[in-house]
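Heads up, the next two complexes both have chain A, just with different partners, chain B and then chain C.
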Partner chain A sequence: MARFFAKHLLFLLFTLLVVSFLVFTLNEFSPGAVARKILGAYATQEQVDVLTKQMGLDRPVLVRYVEYLGGLASGDLGYSARFKLPVREVIFKHLANTVLLAAIAFACIVPLSTLLGVVAGMRESSRVDRVILMFSTVVASIPEFALGVFLASVFVVWLGWLPGTATLVAGGGWSVAAQLVLPVTVVVLFDSGYVVSMIRASMVEVMQRPYIRTAVLKGLPFRAVILRHALRNAMLTPITVIMLQINYLVAGVVVVETVFAYPGFGRMILEAALFKDIALIEAGALVAVFLAVLTNILGDIAYVLLDPRIRA
Partner chain B sequence: MSTPATAEALPASPPAASRLRPHAWWRRLAALGESTPASVGVVIVLAWVALALLAPLIAPYPPNANDMAALAHTTPSRAHWLGTDQLGRDLFSRILWGARPVLIIAPLAVLGAAALGSLLGLVGGYYGRWIDLVITRACDIVLSFPVIILYMIILAHVGSSAWNIVGVLTLTKAPIIARIVRGMTLDLREREYVAAAKMRGESALYIMLVEILPNARGPLVVDMCLRTGYNVIIIGSLGFLGIGLPPPDPDWGGMVKDTYGMMMVWPHMALFPCAAISSLVVGFNLLAVGLRELGLRD
Partner chain C sequence: MTDAPLLDVQNLRVAYATRAGEVPVIPGLSLRLDAGEAFGLVGESGCGKSTVALSIVRYLGRAGRITGGRLLFEGRDLATLDAASLRAIRGRRIAMVYQDPMASLNPVMTVGRQLMEGPMIHAGASVSTARARALAMLQEVKLADPEAVMERYPHQLSGGQQQRIVIAMALIAGPALLIMDEPTTGLDVTVEAAVLDLVRELRSRHRSAILFISHNLGSVVRVCDRVGVMYRGELVEEGSVRQIFTNPRHPYTRGLLDCLPTLGRDKRQAPLVPIAGQVEPARVRPPGCGFAARCAHVETGRCTTGPIPAVEVHGEPGHRVACVRADELARWTRRSGAAAVPAAGGAREPVIAIHHLTKVYESGRRLRLGASRASVRAVVDVDLAAARGQTLAIVGESGCGKSTLAKVLSGFEVATAGGVTVDGVEVGALPVDARSPALKRKLQMVFQNPDSTLNPSHTVGYAIGRALRRLQDRAPGDLAAGVARLLEVVKLPPGTAARRPRHLSGGEKQRAAIARALAGDPDVIVADEPVSSLDVSVQAVIINLLNEIQAARGATLIFISHDLAVVRYLADTVAVMYLGTVAEVGSVERVFAAPYHPYTEALLSAVPVPNPDHAVARILLEGSVPRADEVPRGCPFATRCPRRLGAVCDDTPPPVQQLAADHRIACHIPGEELRRLQTALVEPSVARR
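Showing the complex of A and B:
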């Protein structure tokens, strides 16, 4: 187990190093560009040159990269040109908002898709299975922004039950809870479509195993066969997929955040990218990759916990 | 994107392509009819392909022409079947023309990813050892990056154009294909016919492309259908985020971005492009579901 963790930790550090270097070199491709991006199009070339020298941007990329790493190690992520605040403050504020959205969505996605996936997969090609399979396929096929527009046109425009934006500032007579309903619903629907199909496929496969037939022939009630024999084994493969959804929920929900003007992490990176706020892009990319690799490791750990054969 | 696409999809397998006579392709296409999801998917996708091809003939107006008189009544009418957008441009015409970039970029990127991914997967799986390790790790790193964030960073730096989107989609989807092909190669390279080819003294490249790749075809085709659908979603999302195809030419995601702020007044402007893109992705995904079903039955 110790070796398992050490190996994964090493991979995490290695990935972070590679990605930070790639993003760093991509961002700082041309030496003058950084200063130009900060000063804007109307600054004179002289001003740009002065700032380039001041920030030490005329030195080789490799030297600056090592300096940047040193800053990271001491917790200094740089200064955001877009928000005029230290990057650390900006990132954590937006990350906290997205984690709220992600946590609620995750708490809905896991039970919902497990239920649908297991019910569909336990009797392959039954009518229930066909209906659930079609539902999950169609729901996973609708882009998040389209899903947002469809739901908003019904619940905001037509019925007027919910607010169309989720700025997390209670205003216009809508509570924060009401604001969260639509973004969470869009994320849950889009994402569970995919997770349901994974769990269903795994369940279908497990139901064809000899030990399930034995359990049925032994005369066990169908419910006991499903709950005690099939469920645990059917969750083995999808558990890694489920863990990877955390990654999508935190970093990949840019579109949903944009639809509902939600002040989250993904939209922050979009703004940083459009504004060419380099320090913020670099830090944001690192946080995103850190989360991605971490959820990968969590997935592996969950797999090991569920499968006693590997645990030994 | 029906079965015949395999011929274009895997140009690297000439014997497989020439072995199949034309009527064999027809039989395969007819076999799709046995699966309801597959046939519905094929109909939807082919309908969009036809609409995109015939856009110059069907579209009642040029896609970027403003009809200022229609601005008083932008909602659907006899003159404008789906109404007009906030600049008085005919929505029906723009949706038809908007199908073209999507239907070119999405499959093109999938073909690129399939070619690059197959190559990486074959090389990694066939040679094993350190080559395999390097390729697998590199793929893991690309895959661990949340896709949409990667697009934002890259596209924000190099700007957005159709070619850039194809390039980014190819690079980020290739690792998934590589993973599938690598897994199959590990299994296939132990087969007798591979050993026979080695004894004959065939080159490694020949063995990989002619002996191994054609046998990995089935799962690849299903996956390519799914990837095309996901690519359509991503192209739409990029347009919606304002980092997709440059305006003013119609792009479904961009059309929604420009108009969803006006939904309280004119919901149709955002709804129709949303319906268009959703139906196309549903088509591709149903086709994938159907192909998988048919594959399992054999």
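Showing the complex of A and C:
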């Protein structure tokens, strides 16, 4: 197991190194000087030159990359031109918001999808199965913004039960908890549709396996057959995909964040890109990649824990 | 005790829902099983044997439905029982053992927990009681070190051990009825023999009745008291093992017995007699006898108009047969070989020669840092040759290296040392991509599983046509005639060319695969277990076909098999392999007669023989094939050899003794000594019978 961790950790570090280099050089070699990108089209050439000098941009790329790495290692991610704050602070603030949303959503998605997927798959083509299958197909096929706008028009405009924005500032008479309801619901519904159908498919397959027959013919009650024999086997295939949802929840919910004006990580990167806030883009990309690789590793670990055949 | 049978199946009818409507697969079957009795159910696949078993435990799936009849078990009708009562019977009063034990065990649960479940649900046992029961049961099925086995997962056990676990799991509640559905299919012959012996032994101790389903008549003889022969969902004949196997009255029963190669027969005496045609689909059921379409004795009118009742055979109580002509048929005689005639030998030039061939697999992982990589010696210093028009059979348990050998011959693997010559050309180091078209044409393969050989999205005609194009440089316009000719050779109708593999039966697919291999008109055909996944009747067809093709074309056949009866029938020369080495090689007559290598002797004694009068002193092999890193320095068989001499076997590689011009064995025991020991052992046991 230690070997397994060491191997994955090394891989993680290596990936981050490669990505940091790619992002750094991409910014460097994309059209226009870095200083020009920061200052915008209306700055004078003089101003650009001053900033170039100030930032040391006239020195070779590799030297600056090594300096950048050094900064990373000591926790200095640079200065955000857009937010006029150190990048570290900007990222932490937005990441914290996103993690809050992601954690609540993930805590709903996993049990909900497992329950629905298992119940649907344990009796293929029963009425319950058809209903759940239909539900998951529908919610997974409606785009997030459409789902968001639809739910907002019902609960905000029509019923007036919930706030239409989630700025996480307790103002306008709405608590933060109330503000979170709609964004979480949209993300959960959209993502569950996909996860439910994965788990259901796996469950259907497991229920046809001979060891399920063995369990039934042992005289086990149906509940025990499902919980003891089918469940764990049915989670083997979907578990890695489920873990990958963390990645999606943190870095991929830009649309929902935008719809509800949620100050999250995805929207931060979007803004950084629009404003050519290079230091923030670089740091954001690193965080996103770090999460992607980390969730992959978590998925692998979960898989190994579930399936004794993988363990050496 | 009352006289009521334990299980009384009365006029059972089962139907499966298909797209074409409901198809009756069991049109009305009755059978009785007394307490403690072992009843064998035999027949080709698709005859409804498993359906009967699954009806008894009411596990027919969503499509299957019991449409009529009664299933009385201990006085209660299983067909109408509610779910709760059914659960109380399943696992406690009726237990089941399945084919493919690996798939029947939950892969993510330790064996111990799976065993303990039974007592915990049925007897409400505590964890410690259940654990004690499980341990005792593991001891009973003779698994070494039960404590350790309890903590294992199924994939950490061998096939034989897995099946013992399944048997232990079934017997743990002391069921009144044990249903065994092909329990030894897919196991090695030595493992099969050990499992069957175990079943017999446990049976006498537990007094469970057994419903034993098998397509292997030999294993039925070993376990059962009575036998029922099923065809198309009906019991066409039933009786005691002796009645059925010495005086079979139904033409179908006779057909099953006649198509079986046995240890006493070979191809020079008489061809196998396959049953004509194949099991027809259940959809169209003729009014008369279900077997009429395939029967050689059919009489239009009497056989084909009304239902055929089962009547008792005159003078044989309990022997019932459903055939109107049963009394008119001559008494059946076992086709046993007369004294075997050695083939006119003479040194013919070998077409294919294997000399000092060694294949070592380097495992990718080092066991320790700095240690040399772990390697598996799959084939070690093998010397074999096959002459033109001859059949060289290679036998041995799984893991003995026979398939690796085939892979080197065909170029899927290259030799680590030594070589293979085909017509004098060295090919051992040539991977298949580096072989010339002429060489590829010369040597073709037929595999065990025709499903994975034929591309499911191509028609049979396309598959054969492409082989013709690649191997014979046929012009595309010229292909159709070639395909038709090849289909004719393998006795498939010309229309087969347009069909896809999924529309063919197993036997038809294997014939198509053989036709594909023949496209290049090969000099050597390497066949790796080509009949192992087929029904006995189909197996006979394929074996006859291989024989005819070989005779007609003078091709050399390298036939790899674990089935000694088939090998005895088909081979000219036999090589017995164990752990990558050749233990014994010689003409088929010499290998199958004393003196044997102790391993050959053990293999032969393990073969189930479908004859109740046949008795051999059983030699049980202890343990299983050692792992590659535990192979002894001396004789590889030393760890399991019942005739092991002592330290010399462990430490010194055995000398190769040339017992005759065409017979050599690798053993420390002198040939004369072996002959004395082995003849002495066999004779008295036959006399005792």
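Operating definition for what follows: the second predicted complex is superposed on the first by the 308 of 312 C-alpha atoms of A that agree within 3 Å, B and C clash if a C-alpha of one lies under 4 Å from a C-alpha of the other, contacts with A are read in each partner's own complex, and residues count from 1 in each chain.
The working rule: a contact is a pair of C-beta atoms (placed from the backbone, for glycine too) under 8 Å apart; a residue touches a chain by one contact, two chains touch by 3 or more.
All values derive from a computational prediction rather than experimental measurement.
*Asks:* Chain A superposed: clash or fit between chain B and chain C?
*Replies:* fit
*Asks:* How wide is the angle at the Cα centre of chain A, looking out to the Cα centres of chain B and chain C, in steps of 10 degrees?
*Replies:* For this superposition the angle at chain A equals 70 degrees.
*Asks:* Check the residue A:273 against both partner chains and state whether it touches chain B (first), chain C (second), both, or neither.
*Replies:* In the superposition, A:273 touches chain B alone.
*Asks:* What is the contact status of A:92 with respect to chain B (first) and chain C (second): first, second, both, or neither?
*Replies:* Neither partner.
*Asks:* Which holds for A:5: it touches chain B only (first), chain C only (second), both, or neither?
*Replies:* Neither chain B nor chain C is touched by A:5.
*Asks:* On the A-aligned overlay, A:251 touches which partner chain: chain B = first, chain C = second, or both, or neither?
*Replies:* first
*Asks:* With both structures fitted on chain A, tell me whether chain B or chain C touches more of chain A's residues.
*Replies:* Comparing chain B with chain C, the partner touching more chain A residues is B.
*Asks:* Check whether A:307 is in contact with chain B, with chain C, with both or with neither, and answer first, second, both or neither.
*Replies:* After superposition on chain A, A:307 lies in contact with chain C alone.
*Asks:* Thinking of the overlay built on chain A, is A:221 touched by chain B (first), by chain C (second), by both, or by neither?
*Replies:* It touches chain C, and chain B stays clear.
*Asks:* Of the partners chain B and chain C, which touch A:161 in the superposed model: first, second, both, neither?
*Replies:* In the superposition, A:161 contacts neither chain B nor chain C.
*Asks:* Once both complexes sit on top of each other, what is the least C-alpha distance from chain B to chain C, rounded to whole angstrom?
*Replies:* Distance of closest C-alpha approach: 5 Å.
*Asks:* Report, in rising order, the residues of chain A that make contact with chain B in one complex and with chain C in the other.
*Replies:* None.
*Asks:* Which of the residues in chain C come into contact with chain A in the complex?
*Replies:* It comes out as residues 57, 59, 62, 87-92, 95-96, 98, 100, 103-109, 117-118, 121-122, 153, 155, 166, 169.
*Asks:* How about chain B: which of its residues touch chain A in the complex?
*Replies:* Touch residues, chain B against chain A: 37, 137, 140-141, 144-149, 152-157, 229, 233, 236-237, 240-243, 253, 256, 260, 263-264, 267, 270-271, 274-275, 277-278, 281-282, 284-286, 289.
*Asks:* Under the touch definition given earlier, write down the residues of chain A that touch chain B in their complex.
*Replies:* Contact set of chain A toward chain B: 11, 15, 18-19, 23, 26-27, 29, 133-134, 137-138, 140-146, 148-150, 152-153, 156-157, 164, 247-248, 251-252, 254-255, 258-259, 266, 269-270, 273-274, 276, 281, 284-285, 288-289, 292-293, 296.
*Asks:* Contact residues on chain A for chain C in the complex?
*Replies:* Result: residues 124-125, 209-211, 213-221, 224, 228-229, 232-233, 236, 306-309 of chain A touch chain C.
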